[in-house]
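Comments concern the structure below.
Letters A, B, C and D name the chains as they come in the text, with residue numbers starting at 1 for each one.
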Amino acid sequence: MRSPLPDYLLEVVDACASDRSGALADYIPDLARADPERLGVALSTIDGEVYAAGDVDVEFTIQSISKPFVYALAIQDSGLDEVLRRISVEPSGNAFNELSLEAGTGRPYNPMINAGAIASHALVVDGLSSEDERVERVLEAFSELAGRELHVNEAVFESEMSTAHRNLGIAHMLRAQGIIEDDPEEIVRGYTRQCSIDVTARDLALMSATLANSGRQPQSGRRIIDPRVVRQVLSVMLSCGMYDAAGDWITTVGIPAKSGVSGGVIGALPGQLGLAVFSPRLDEHGNSVRGVQVCERLSADTGLHLMESVQPARSIMSAPEVDIDGDGARTVTVRLRGSMLFTGAERVLRALSQLDTGDLGSLVVDLEDVFTMSDVAVRMLVEAGRRVALDGVSVTVHDPGELLGDVSADALGAAVVVDEPLAAG
Amino acid sequence: MRSPLPDYLLEVVDACASDRSGALADYIPDLARADPERLGVALSTIDGEVYAAGDVDVEFTIQSISKPFVYALAIQDSGLDEVLRRISVEPSGNAFNELSLEAGTGRPYNPMINAGAIASHALVVDGLSSEDERVERVLEAFSELAGRELHVNEAVFESEMSTAHRNLGIAHMLRAQGIIEDDPEEIVRGYTRQCSIDVTARDLALMSATLANSGRQPQSGRRIIDPRVVRQVLSVMLSCGMYDAAGDWITTVGIPAKSGVSGGVIGALPGQLGLAVFSPRLDEHGNSVRGVQVCERLSADTGLHLMESVQPARSIMSAPEVDIDGDGARTVTVRLRGSMLFTGAERVLRALSQLDTGDLGSLVVDLEDVFTMSDVAVRMLVEAGRRVALDGVSVTVHDPGELLGDVSADALGAAVVVDEPLAAG
Amino acid sequence: MRSPLPDYLLEVVDACASDRSGALADYIPDLARADPERLGVALSTIDGEVYAAGDVDVEFTIQSISKPFVYALAIQDSGLDEVLRRISVEPSGNAFNELSLEAGTGRPYNPMINAGAIASHALVVDGLSSEDERVERVLEAFSELAGRELHVNEAVFESEMSTAHRNLGIAHMLRAQGIIEDDPEEIVRGYTRQCSIDVTARDLALMSATLANSGRQPQSGRRIIDPRVVRQVLSVMLSCGMYDAAGDWITTVGIPAKSGVSGGVIGALPGQLGLAVFSPRLDEHGNSVRGVQVCERLSADTGLHLMESVQPARSIMSAPEVDIDGDGARTVTVRLRGSMLFTGAERVLRALSQLDTGDLGSLVVDLEDVFTMSDVAVRMLVEAGRRVALDGVSVTVHDPGELLGDVSADALGAAVVVDEPLAAG
Amino acid sequence: MRSPLPDYLLEVVDACASDRSGALADYIPDLARADPERLGVALSTIDGEVYAAGDVDVEFTIQSISKPFVYALAIQDSGLDEVLRRISVEPSGNAFNELSLEAGTGRPYNPMINAGAIASHALVVDGLSSEDERVERVLEAFSELAGRELHVNEAVFESEMSTAHRNLGIAHMLRAQGIIEDDPEEIVRGYTRQCSIDVTARDLALMSATLANSGRQPQSGRRIIDPRVVRQVLSVMLSCGMYDAAGDWITTVGIPAKSGVSGGVIGALPGQLGLAVFSPRLDEHGNSVRGVQVCERLSADTGLHLMESVQPARSIMSAPEVDIDGDGARTVTVRLRGSMLFTGAERVLRALSQLDTGDLGSLVVDLEDVFTMSDVAVRMLVEAGRRVALDGVSVTVHDPGELLGDVSADALGAAVVVDEPLAAG
């Protein structure tokens, strides 16, 4: 069988290709020379399966889509507190001023507008590094995210620098506010290089899928961004990524997203997938006309929306299997599976608390099919094991994947964790 | 074993009770008479298990927490288009005006501020109904959401009406803008009754859990709000529910939420749980001091955050079981489980598309452990079945829960759906 | 000789009559029935000479042109401090909210917008009076200002009350803010009556000329408004009277002004004249199209502009006349004239300080041709007299108009004030 | 007699010297080294009499007080239309952004804020000139305005350039908007030089008095700024010069004014006087604490306020003198005096139109004591002369100052203008 998904993406591409409204960005000569008819869509699942249709291997400069990723690097390199001290996280609303600095604090409203993105760039590495070091850091990280070596498009870089008045204005102003401390011109040069990295829609789908996958690149499996940083980045993409009008995007599309002036749009739905669209004509907000359409259509067709309920806890546990040995002693085996967070752990605890421990001899908990456990879920499961063992039940947890980590003997009490798989029943 | 969760909630209550900052709302005499020391926390899972600690059975008036629910009723009764025509969905930012009407359209910024909530109230039933009919509708729906009969606190209602100048001002202005068409005084009276319904933290946890559960009351199992409406309501709660500063709440707590001036706060994490806190002292934003603290603490301790990745698709399918009969014909059986949305269906399709159909005689798909399937997942699975059958494989889908609904013969091709459970292997 | 001024006004009327752009206000049926072709212009000098052309005797309702005059009454009746506590004096800028209440204070931005005008109306008489008393007070004062008995147009009043939602909204909101304390509906009714008083362009020219004449009605000579109140009112008209864009009006026209929705515009140049235009078609700002044109044209043609320099001090004093009597003692006589304020008095003092008092026997100062002296000018002149007398000169001031008032003997020293005219030299 | 005015100024200085609140500007080292106790006040009449008290001869850098004068130069050099195309004239209100560019047009709100002042500087000479040419032009003009040769304080200039981030930010942004077209760094350097010119309070009083005197330097008598330009500059000073809150300054002080960060404040009342105060400690608005106090006190004590009525027309004309010759033919002589603008001319025309021309032989009009006539007044007087002559009266106008200029014979008809003084009656 051939999967129908590529067919579906082709349909989407065909349907959206007919819209020729919008216009190329014209303030940079190189962008104005793009082929306006290009349209490519790529999806990547969090385990690295990529579905693609259309012009997904055409290179274009990443532009503002670099912002969420460099924001992530800034937090990784300088720490969240330091970054929040310099860049706020609020949607800028109908920003009628050119700077969008917050009253009082002087911070850029958020890292998705130029002021905040320039400030993010300045926080990469350690705030003291050189222009080259910052660009090097960004380029290496982006290459890892995309899974191939990326390069700066020097022609576009030169072209943008010649009309970078606005960004220079912003950078000098940020310097005046103390938001950045290095030379404004160097920072603008580095930032413009960051924006001039060539990518394809396929690259962007994998980069987005890394965000959807808690920071682990879906194909290499390497952790590139810390999960807490990913949470911050996705939150900010949701509220500030696409429109001045955050509420409209959250209600209708409901996917953390970011667009760029060269026609790219990315989206990332945590735990589900990353997506990327490329089509150069822009609407009056500066977003790719067809990019927005594809997002809206995917959200509507597929139910990909942050508020679409997935009820992850309901299938966390198989029905308990009960064995009674010759002595009449019951052994209960529960097999857990999937991604166990707080609500999953709650289900398990609830089931365990309802066990009649009267003639229960042994409880066996099998974690072999669990692929992630959050810290709170680990603590909850360990506490439950300890409590059941206190009731005089022999408790054994099979944890071949070592999800529980180093649990102290104190925490476990009489319960036992083994790293061997449960022998097949 | 006794579940450790109630102990955890008690800890949270104890830790937050020591904060005595903030002040009672004083503009309504009845609110100023509340006991400031009260503190209660309740969580409800989406299958109706309620965990509670502290003063969860003390009644207080629902106030602004009524807003998301009445917004839901307005959409159900008048349609989303009509509601959007009259009420926007944007955060109002640092609202420095008393009205928060959008420039140009004259619409209230969102249904979580008074102007939008008054307009929502006016759209309940059908926009032509009487004051009593609207209040009746609200009271019945709230009673169903809470799972018990609720009542208007007439003393608070009278007290609030005597100082309702601001709401009267808003309602007259909405009438001037054509946002409402009925008598402004009647609408304010009805709206004030809506705000004066007595509830407990336990009630609110169940009401929130209904939102988390796609609109189905967790204990009665009755669908009270349509899933698409729930999506809209949760989205608006996320961006407009708590602070003027939407970005801060989204990044740090990440739970769609709403607070009320009598000291309540609710939160709803789709597919996971509903929560409610009650503690009357308010901070300068008008949110319950301890209510916000409890939310922040729960989010931090438990990882309950919209961007926390649950990876629902990864456990959607058991490993395929292969049987080879005497003739050497293979039968492959796949058992699906959990909540199957787009990304879950993608996993299944990918697995099926990798099947070697060369000597495959039969494919058996078991849906018995699947508890929800989205429309797109149904279409994807049916299409996959049709395609595998086209390869000459005998395809049987066991769907005892009739999740696939009425699939046409055309869509299925040669594949067969039966509503009997799969006989145990 | 026939004055060419009426001819000039006819020319202006003819030139502006050809512009038929703009539209009648349509939200009140009675206004929508106005004859759109009407055009009248009237000027009144501060001594009551009225020049008129076109439809200057057609009645129309005064509408917002009532605002500056009722603001004046509010200050007179309740005191400037009390009024400033409730109404600010700032231009509202590109007011994008319907209320225009100042952040922090909750005060209406200024008395020229509806919120501020409703608050002004509530402060007429004493803030405790009845609806009828307030309307009575306004009607009497307006009649005195216009020099004839005016009446409320009850048909327009009824018509406006039926669509007064916005004003009711504002009034309730002002009540909520504590800006007004009476019943919001009564205040809106009184305010609407105030706006429904019938006037003609001729009436308005005299009303404006009263402002230009420091509050004294030019024809009756009666003081109706205190000069300090007039200063406040003219200042506010200048910055808030016509456009959201105060700077444009101040630079191009430079005349304190106010427009009304029925097509009237007034202007008042202090010490010079009052003007009024009537033409019902309005531009997008709600100002009479031709009314604005006439103002711009008058300002451009005639140099009537607040910043046009009149150099009042330069002719304050005739050349000193010197008489030498038989003993060789000199008598110097100075005749002052015009309106003597600070800079006029400075000229006189300077001249006196340059007098060689060596053989000066007498100084005679003649005030007969001075028609006003400010307090500071009185003090300066008296001090100068005292100082010259200290030099041993016999000083006599002829003040038949008693402009110096009751000057104490201490202040005068040896100088003498007589209320007889100076005998002709 | 010694004039009491210097005593009065000393009193004002003493009264205000006791206030030690506020703080020195500290962002520029050189300003932070100023002596905070300095206080000087100077007034200059429009004929160049200077009254001074306190530290009026201490040099300090002019800073923002240069703005209105350079705005004047920009208009003179580039034309008002060109300047308005690039710089608006609106108060910036509670400017919460650092740039204050107008939505839509991208223009700086007004020339009194840095963005508008930098744009003004760029328009000096001709928009194409070099940095040195612009600074040269400014320095020469300022020297002429002050009546002595001024110099740039190079130490302050260097000091300011080292922290000019904000102005560089603004200039780059203006370049991005197309408001300026030259190199942003050069313009900021020139602008900073302009701000670093050393002046004294005495200098500033004369510079302000030049504005008050329609652009003619009071002591040299040279016209430095065109009267129409002065009108524009004073209008903008009034609405944008001192506070974000324009309305408060207009109502309470009512004098077009401008302050600078080094502690200077100037005020100019058209036709009356210029004033300057110097005291380095600033309030939270960045205005000199004592500078504002002195202005408020002078306005309150002396009635110097734009809306204070001077009624210039009332003394424009002496009572007509009537002579009857032997033949019974009457000759009427009217002597005009002072500054004759529209309202003055109206008075004269009115008197002439009331003359009984029945047996009037001659009309003699004496302009010897008139020191200025506006264009409109000239036209009105000439038209009146023509009309009276048409009635058969012999009309002679004595115009020794040649105020009427070149009036055509057509315009005069049979009336005659002679440039000889009227022989003494």
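One rule holds for everything that comes next: a residue touches a chain if its C-beta (ideal position, glycine included) is under 8 Å from a C-beta of that chain, and two chains touch if they have at least 3 such contacts.
All figures in this text were calculated on a predicted structure; none of them were measured in a lab.
Centroid distances built from C-alpha atoms place B farthest away from chain D. Distance from the chain A centre to the chain D centre is 61 Å, each centre being the mean of its Cα atoms.
With centres defined as mean CA coordinates, chain C is found 66 Å away from chain A.
Centre-to-centre separation between chain C and chain D, using Cα means, comes to 23 Å. Counting partners per residue, chain B has 103 as the residues that reach two or more other chains.
Viewed as a contact network, the protein chains form a single closed ring in which every chain touches exactly two others.
By the touch criterion given at the top, residues 1-5, 45-47, 49, 88-91, 93-94, 103, 110, 212-214, 227, 230-232, 234-236, 238-240, 245-248, 250-251, 254, 256, 269-273, 301-315, 337-339, 341-343, 346-347, 349-350, 352-353, 355, 357, 369, 371-372, 374-376, 380, 383-384, 387-388, 390-391 of chain B touch chain A in their complex.
Contact residues on chain A toward chain D in their complex (touch as defined above): 96-101, 103, 106, 165-166, 168-177, 184.
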